[in-house]
Amino acid sequence: MSLPTEFHDLAGRVNNWGRWGDSDEKGTLNLITDAVVRDAVATVRSGRRVPLALPLRHDGVQTGVIPGRINPLHTMVAVNRELFGAGTVATSDDIVTMGLQAATHWDGLAHVSHGGRLYNGRPADSITPHDGASFHGVEKTGPVVSRGVLLDVAAARGTDRLAGDHAVTPEDLEAAEEWAGTRIRPGDIVLVRTGQIQRYLAGEKDAYAHPSPGLSLRTPEWFHARDVAAVANDTLTFEIVPPEVPDLWLPVHALHLVEMGMLQGQNWNLEELSRACADEGRYAFLLMATPEPFVGGVGSPVAPVAVL
Amino acid sequence: MSLPTEFHDLAGRVNNWGRWGDSDEKGTLNLITDAVVRDAVATVRSGRRVPLALPLRHDGVQTGVIPGRINPLHTMVAVNRELFGAGTVATSDDIVTMGLQAATHWDGLAHVSHGGRLYNGRPADSITPHDGASFHGVEKTGPVVSRGVLLDVAAARGTDRLAGDHAVTPEDLEAAEEWAGTRIRPGDIVLVRTGQIQRYLAGEKDAYAHPSPGLSLRTPEWFHARDVAAVANDTLTFEIVPPEVPDLWLPVHALHLVEMGMLQGQNWNLEELSRACADEGRYAFLLMATPEPFVGGVGSPVAPVAVL
Amino acid sequence: MSLPTEFHDLAGRVNNWGRWGDSDEKGTLNLITDAVVRDAVATVRSGRRVPLALPLRHDGVQTGVIPGRINPLHTMVAVNRELFGAGTVATSDDIVTMGLQAATHWDGLAHVSHGGRLYNGRPADSITPHDGASFHGVEKTGPVVSRGVLLDVAAARGTDRLAGDHAVTPEDLEAAEEWAGTRIRPGDIVLVRTGQIQRYLAGEKDAYAHPSPGLSLRTPEWFHARDVAAVANDTLTFEIVPPEVPDLWLPVHALHLVEMGMLQGQNWNLEELSRACADEGRYAFLLMATPEPFVGGVGSPVAPVAVL
Amino acid sequence: MSLPTEFHDLAGRVNNWGRWGDSDEKGTLNLITDAVVRDAVATVRSGRRVPLALPLRHDGVQTGVIPGRINPLHTMVAVNRELFGAGTVATSDDIVTMGLQAATHWDGLAHVSHGGRLYNGRPADSITPHDGASFHGVEKTGPVVSRGVLLDVAAARGTDRLAGDHAVTPEDLEAAEEWAGTRIRPGDIVLVRTGQIQRYLAGEKDAYAHPSPGLSLRTPEWFHARDVAAVANDTLTFEIVPPEVPDLWLPVHALHLVEMGMLQGQNWNLEELSRACADEGRYAFLLMATPEPFVGGVGSPVAPVAVL
């Protein structure tokens, strides 16, 4: 089995290898210039802050379908321990074991490969069990701060949650852009709301996983044309599940991460943000979403915040 | 053994219990109002972003001295795995096991207790091995975004790194404030630079741990008077080690976390920020430092970013 | 809610506190004397060895119903790593995260408490998050080697698997004893086969968990009368689920572990052993089942072996 | 760099590939026949049981020198939790994260490769991050029960602990055999005592690690000639550290694991066994040392017991 011609055609049209130099490990984050950040800051009106991360708990979104991606297991190593004698100051300490992509997260650029290649042509076998990602480790990402724009596709289509078989198309994105009264600019981070995460919030984990609406394989070309810096949504897989083209799994991952060098985020809770943007009548804001700098990580949990 | 009168006197003077209601779990973060955030945003001039987190790696700052606080152990659960057949899109996945306070982190309000009490008078035994912190879990913190101010005590004293026996006093803080040309305002997050983290960056882990400069037990009263929202520095223990008063360990932790309900941060790398502030001649900036929302967590890794 | 009179009556009749001294941490394992071991060795005829442990894998018996008891997550930290240069000897290394009672295991004596007490009257609060079990930690157990006897209750009742609502009674044990042609002796380790583990082996994890046959609360008195050293079976919970007396959960755990100080084992795979004993016409054998000596552990995985 | 001719010559002389069939995954454990087990059982005289495992604790033998091989980190997930209501039976549960080769352990056959090959010619790349060892995983080992013989090289040489630069030779082994009055037989498991573990027991972890006495690269040929089933000793690395031939690291590992298909054990505490054998004037015993069946594991903790 190999990837179909359709995929390779798309890949050729969105490819960014070499665009920021042969040794680049930041990809489309290069589009976030100081000027973009200043503009992002200038979007703030009310100072209202909206968190976008799911709580990290053992009863999380993972159901076991994705091998090894375990929900956070949090345990105490000390509880009110009086290390310095009875009656003194007591401390509590805790540890966690978790899949880096278990909850609200960024896929790092090394999360996916195809044809033996990572972004910028790096060999896929530069990822090793001992060191993780030698190139494009998530610690190379650095600060992720830019203008964020909510494309509330569900709301723009007059629904609270897209159907499970809805592939979000470029046309959907443009309709949401128009509905929001905001035009995407180079360096923006785009948040695409499908409403699917309501399934998880209602306790329906399996239904959250699949069938699931998600981004069509036609969208990477649109993001590429707009010079978007990163994209996140409110689904488990980001893409529509099951896929649009039979047996062509994860094409959007491959186009975003490998061809474009663009971070993509999953399991972002955009429900409160949807309400806040509607309240304020604005869909652009200052977005902060810096990953934890795990050396060699192929992904990272993130606690994104929108400031309106 | 019990805590000395001196401690209890200080505790009485900085206590915030009930100030924001009996059920409050945010403490001094309540001081970060929307207006404070708007002011924070207004400090941005250049758009320059400075990351403050240490890379998360197994060769981290922990040496085994603090029981159970293990450095991040990152392992791959899949490397270029072609889940859907040979020649298709391949994925890599990873997990981590780590102490939540192992690296650059916030101490959550439940990290410390004394006299059987947590912040706001909650009973210390509300922390349990199965649930962690039932009150003041780090997931209650929410977005941490405010004006940040670097008090570069080392630089203000004309040195690159304070001596190991230097207790940072309120007078030091005021001198640094003056040196910076900025006055601390209510809701600010204060970053106190000692330069001690250079020890770790030079590979001298034991020397980083102790002896270490750190905040004097006289400083909480100063932070309280200024209505600071949170404080972080560039040391392992935050406080001076060994302590100022023999056998009185962690008094600043107890005053900040239990009495005031104020987050404190440790192992923040303030070296690049020190240079950036000096370059730009400004010591106030927009600071983003939202913890990961571990349910019941008594601390959390954080990837703080300053935007100048 | 408190435990019913019926429970307390049973507890009084099987209690072993003080029987082997006030500081004893071995309980009924004291019954395994050197002479018992010599007799156990003398049971060996063929030299055939039968393993009784389930493979340790992430797809194990735990379904998430027992909070925090995670199936083994095994990851590689190095794969064919040529630490000493290309072309030299390469090494692979791995780690695991697992619940100590996730798979085939012994419950340690500190696994259960009631009325604030552990075996031998030790206070339950001697178990702490930092140290685990200060008394009766599984590392105190030492070698577990004795005569093992299979009481194949399923086979003795002419079935391959007991029904889900079958509480194994003393009468069942005696019928199985007679069927086996072996009488239980002091210091024996008794393995009770229900056949329930076939559910797990067939991939029906939920059905394995419940409803499940298991030992009746009337059996501890029988084990006590016979001076059995330890008991294990082939179910998830050991006891019948749901319980015989409404709302009286885990009475057999409390009687065995707290009152008698007797190890009990769960998730032991007795299928091959059942066939081997039938083949050889003998139901007594040399049993080796030493737990891993986790300091402070309240349980331990074990890889038991029967030698016939 | 590549392995020297001397190594390849030795490899050719001890190679067992194909000896037990092309699909064999048990190696020299095939030498433990039912008859060997019967003989092993017949060595038991007193019934005295001696445990050979170090306690599993976070303060274990690992110092960080071997990357990723972390000492056991044991945490409680529940302490006296009354799951079914106040006053009912309370349970405690725990988990562990550990390197499978962190403490007293067996190296599995897949732990080492050279020239891209594992035992029996299997390709080294059959070990993957997701599945671990596809061939020769430690779960394939099955029961490890045989006659054990203590070759107390330290005692035979009239010392309590061999010097750090002592390579144990075939002549040493034969002298210890003679001193013990026992001749090694096919299928025996040989325990070689150097006394080095006293370093660890005295708290001198670094001194335990190196310099360390250990087996000479001349010994595999001796074990091969004697048809030994497995070998273990009381050192961290098994082999002498630093190595006998400059830059030739881990040759004994490669000869035992890859060429011979023979398990080797490390960090076995042979101190009490040494005293027990001296007391009883016998150095052969029944040895039980079954690894935990981690699927795909390249090693496993083990809690060995000698029965005299």
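Labels A, B, C and D are assigned to the chains in the order they are written; within every chain, residues are numbered from 1.
Following the convention adopted for this analysis, a contact is a pair of C-beta atoms (placed from the backbone, for glycine too) under 8 Å apart; a residue touches a chain by one contact, two chains touch by 3 or more.
Here the structure is a predicted model, which means the values were calculated and not measured.
In terms of residue-numbered contacts, A-B and C-D present the same interface, as over half of their contact pairs agree; the other options in C-D, B-D or A-C do not. Looking at A-D alongside C-D, one finds more C-beta pairs in contact between the chains of C-D. Here the CA centre of chain A is 46 Å from the CA centre of chain D.
Centroids built from CA atoms put chain D at 27 Å from chain C. Chain D has residues 67-68, 70, 73, 75-79, 95, 97, 128-130 in contact with two or more other chains.
Interface of chain C with chain A (complex): residues 58, 67-68, 70, 73, 75-79, 81, 97, 128-130. On chain A, the positions that touch chain B within their shared complex are 1-3, 33-38, 41, 44, 46-51, 53-57, 66-70, 72, 74-80, 83-101, 110-115, 124-125, 127-129, 132-133, 139, 142-143, 145, 247, 249-251, 253-254, 286, 288, 290-299, 301, 303, 305, 307.
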